[in-house]
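Below are two complexes that have chain A in common, paired first with chain B and then with chain C.
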Partner chain A sequence: MTTRRNAVKFIAGAAAGTVFTPVPWKLIRDSALWSENWPGVPRPATGEIKFKQTRCGLCPAGCAVRARCVGEQPVSLAGIEGALCPLGVTGHHLPFHPSRLKSGPVAEAKARLSQALAGGARPAVLDLRPGRTASARYRQIMAERKGFYLSPPRPPVAVNLAAAKVVISLGVPLFEGWLAPARVFAVRDHFRLVQVEPSLSRTAALADQWLPAATDLHALASSLKSQGQVLVLDHAMSPEILALNRELGGWGKTVVPLPDEPPAEIAVVPDGAIGALLIDESGPGPYIPWPEIAPKLAPGAVVVALSWWREGYARHTALALPTPVYPESADDVPYTREPIAPLVKPPAGVIDPVEFIAGQPLGAPSPASPLMAGAVVPRIAEMPVSTPLFSKLYNESNLLMHPHQAALHPSSGFRPGEPALLAGAYGNLEIEVVLDPGIAPGRVGFVPTPAVLDICGFREPQVVRA
Partner chain B sequence: MKAPIFLAGVLSALGAGWVGFPRLIYKTAPQPISFSHKVHAEKAGSKCEDCHALRPDGTFAGIPPLEKCAGCHAAPMGTTPAEKAFIDQYVTPGREPQWGDYARQPENVFFSHAAHIRSGKVKCEDCHGDMGKSETLPPYSEDRVSGYSPQTMSMDTCIECHQRDKVVDTCLECHK
Partner chain C sequence: MKRYGMTIDIDRCTGCGACMLACAVENNIPPVNGANDRKGLTWIRVYQVDNGEDFPNRRSAFIPVLCQHCGHETPCVHVCPQQAVDVDPATGIVGQMPERCLGCRYCMAACPYHARYFNWWDPKWPVGMERTLNPDVAPRMRGVVEKCNFCHGRRHAAEQAGLAEYTPACAEACPTGAIHFTDLNAHPPAQADTFRLLDRLGTDPKIYYHSSREWVRRQGEPASAARPTVADQRVPNPSRDRKGAVPAPVAKADSSRDRTKPIAGRNADSLNPKEASRG
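Presenting the complex of A and B:
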């Protein structure tokens, strides 16, 4: 007869019996193993492990890369001639960037461009990574169509640190990405660095000598000549600095002229002259603030941004078309024409910027230019891009500031973490104050993201109370 | 009546635990193709390392990709239905077979085939049994909770072998 007492007896017996079965012990073990496979735990794809070689397409240095792939998917990147920079190490994450542009109005963009050009609109191509084979095509197309070939400011020379015994740097972030880190650290022990900079930057902290200011640069350079070849650097490698390097005997040794003509900068274009603007933003790189571009556009101008992400020029036009991004894109290293072989196939629906602008495939890279071996093109302005690992290593470890932070000297009167406004020539942005004794009084440290550059242009912003 | 009811509970649990539970906890699926290691070993004269090779840098190729199989089976070499099905369903359309991996180790384990085969002189059969002589692939079973095959080598097995052969068995040897 089924009674409550009998049911309890049966359950007690079943419980006792269960102890002598594999059930509890197996479930304890399985639950531990199950925790290795939670949905949030990243699990690399399984498959054959292969190694591929290419060059990094994230900056003009074009570091040689060895990619470890599972099947066709790269799972880790490493440098061949030296370590890669943090962004280079995580470059294979870029196709999965949360801001990746995946679709766009291609047919509408083509139709509106055709209409504008048929109506006599003057075209312009903004090439954010000049010096490539693609750049030569853009330059040729714009010359044929009487358009403007534009690019961000770039130095007229490449720099060869290996030929220098003394480097005088006028605020150049030499160890913070101005040149490829692997190239810099490979020759670091062979030159003495004198960093002239009001703030105690990371480069200043790692220099052999830090000078907050140099009243007589010629005298400083002359006094160091006895130690060997002196190289003087500033951000833009300005004409005065080039002249000084000539005097010091560095022309053709420590500073090497780039092989092609400098492209036109946006500042030389008359206001309202551009009727159709095509922007090749197919990779992370320099960014020209939109307020510098907008006045150059004619009323009703068509703007097509061929971009890999939504955070750049795609914010300023409805005609944003997705492009492949490193390591999906076939490209070449600026000024050397070393081919950058794609490691993975680009997703369906992306547009090759050269095919879109030129209307035909790019073809093979042209032969290598005579840029001196070892010379590297400096990066004047690079917009920061974070991949998940990059963020984890840097943004969360205080090694790199968050885009919504600005650094001030402790004497500024602000409290750490205080909300404030970053005030630029074109607008304000809400930020959080970080105090850093390494920042010179009166100066502001900030992260030059596209959103920040759009409010301050090329001028340093101020921090004001909210 | 007290003892029989209690005993019935014990026996029910033992039956469910030893007979029903193992069937419930594992889901089983056939491998994509009925592959015969025996035919490849005896008729084609293949050795384990012909397909499951160590690369020159010491990394293990694991289960061979379709490209490797297609090197010999671009067209039928025999008359078996399994070979014809393999070519029709995988080689011709270029579709990679989704093999169930009986011995897949967790991601937090570093296992070097090169170290075991070359330095430890361990034979394939010591861990993988008579797989190399099998006429067909056994169905692939997967634990519904843990996601691993019952043939996956556990840490107890690793430690037992390392201790028996007096090989270093510290944590970081495998969990690097």
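Presenting the complex of A and C:
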């Protein structure tokens, strides 16, 4: 007879007995595998595998690149004469950057520019990657229109490490992208590196000798002369350092002069002189802090940013127009003018900056002017750019500092992870403190993103309590 | 018979991360939004280690850590209930089959090198970036463990093309030439100044590191050198021997340094990275 007690006993017994069968374990496994295969895993596109060659357009080194493509789309980039830097390896992801600018008020920008120029406004072009054929064109146009051609500080020389036996570096991030890393390490075993730098940078960590304190440079160079040709570097290759290299007999050997060009620093422009500013930010490049630019603008000046992303000058104007970005754009390598062939077509709606500024496309690039073999143009200005996969380096690991962090010595009194303010001459920015015993007491390590540069300019910021 | 492995010259590693990015590009590893360094996916990960001194006596170095492709008593193989991990006897490569993986993460607990990573989320790339995926490697689904397989897509492509050798993406991308991939049977690594991570565990890792700096070579073994090894702990029990769990040495983490915590905290063992400081 079926009673309630019997039914409960049967169900409980069945449940207990099931545990001793493979059923629950099979169910767990199968449900795990089933849930793993819910839709959401993208399938890579297939197609004919092609290889294309170009030059990397992300810094003045212009490394040769071999692109592996599926159809026309690059799926990986590799160096030809040496491996690429982290940015170069992921350069084909730039068109898909979450901050990519995809549309902008083109007609309105043209109308406001025409109106301003017709009203006698003095134009200016800010070219963030000087030394290209496009740069020469901008310079010519501005000369014709009595405007200003402006650019970030440009290196006066290329550097040939192969000719040096001793390198004295004054805080130059020699192994961190100042020159193409592969070209540095191709000759690394042939020179001794003395790094003079207050903090333990990556270059200092791998230098043959790290001098945290400032030293008498002439005495140091003289004492090392017996080991062979001495090359002295500082970040911008300043006139004093060039003179010292000339004294040391390195002119034309370890330092190779680049063609002279008229000055284009923004500091030479009188305040309030620019009535219409056109910014060519069509590729990852250096960034001049906005507070350095803003005083040069006349009241009501029209600012048009021809930009590939929203994180740069597009934050400072409503007239931000989208441009192609590497590897979509046809361009040339700064100073050597070697052509950079586009690997993919740019999306619809982007604006060619040269065509917009000059009124017509660039056409053929200027003839290449090769440097002395082994010489590389340094990247003297910061490039605050990363690709989406860089999250592997600063989010998913601790390898790089996050843009919203600042590093201090533990004696600073801050706690790790403490919220604080990065205080610069032009404002404050919320950051999180990271303690690093490799940082000199009193110094600050920070990531020079456009947002950070906008609050501190080219001077080192301070960290203050929030 | 091959025995693929790597020699990594720590004295040339600048910690630029090109190997990590090239690995992600080659193996279709997505950028994980919202992940931290304990939940990220990095089949090869570069740790910053230091000599423990304060400024200005501090010195640091970078150690790329990937699956060590253990050749003896491979811990992850022993613990996997799904037989989703195997050692290829022809190459010595420890493979991972995500289709079989249950996501139990026993292998992650067993791995003394923290070289295995769990897919916490569906793989997602920024809009349109799926077009840049490598057609030779299938993206993995959520809920499975993944790790370095010495770029099996490249190995298969090389085999199909009849090539005897190939180069994994990290070795190809290293701008300083610090990473060398080779058949260790044909090209045994030099003995001088060479070390392996946690060598005393007896797992026969196939990644050899080189540094002329003595304090860097010490990073290969944790500070608790007196702890027993696998061999010391063996008891006369064949089944236990076969499935013997590898004892985890204790890390001597310096908790005063914030960026250390995630590394040392993942599991109490490892490389004793006293600190992974600023980049």
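Here is the rule we use: the second predicted complex is superposed on the first by the 416 of 466 C-alpha atoms of A that agree within 3 Å, B and C clash if a C-alpha of one lies under 4 Å from a C-alpha of the other, contacts with A are read in each partner's own complex, and residues count from 1 in each chain.
Following the convention adopted for this analysis, contacts are C-beta pairs under 8 Å (C-beta built on N, C-alpha and C of every residue); 3 or more make two chains touch, one makes a residue touch a chain.
Note that this is a predicted model, so its numbers are computed, not measured.
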First (chain B), second (chain C), both or neither touched by A:318: neither
Touching partner for A:12 - first (chain B), second (chain C), both, neither: first
Chain B versus chain C as contact partner of A:20, first or second or both or neither: first
First (chain B), second (chain C), both or neither touched by A:437: second
Partner chain(s) touched by A:48 [first = chain B, second = chain C, both, neither]: first
Broader residue contact with chain A after superposition on the shared chain, chain B or chain C: C
Which of chain B and chain C A:33 touches, first, second, both or neither: both
First, second, both or neither for A:267, with chain B first and chain C second: neither
Partner chain(s) touched by A:78 [first = chain B, second = chain C, both, neither]: second
On chain A, positions contacted by chain B and by chain C: 29, 33, 36-37, 43-44, 46-47, 49
Touching residues (chain side chain A, partner chain B) in the complex: 6, 9-18, 20-23, 26-27, 29-31, 33-34, 36-37, 43-44, 46-49, 71
Of chain C, residues touching chain A in the complex: 11-12, 14-18, 20-22, 24-26, 28-29, 31-33, 35-37, 39-42, 45-48, 50, 53-56, 58-62, 82, 99, 101-103, 122-135, 137-144, 169, 172-177, 256-259, 262-263, 275-279
Chain A residues touching chain C - in the complex, by the definition given at the top: 29, 32-33, 35-38, 40-47, 49, 70, 73-76, 78-79, 82-86, 89-90, 92-93, 95-98, 175-177, 180-182, 184-185, 188, 199-200, 202-203, 205-206, 212-213, 387-401, 405, 407, 409-410, 416-417, 434-441, 445
Chain B to chain A touching residues, read off their complex: 1-2, 5-14, 16-18, 21-22, 25, 59, 61-62, 64-65, 101, 104, 106-108, 143, 145-148
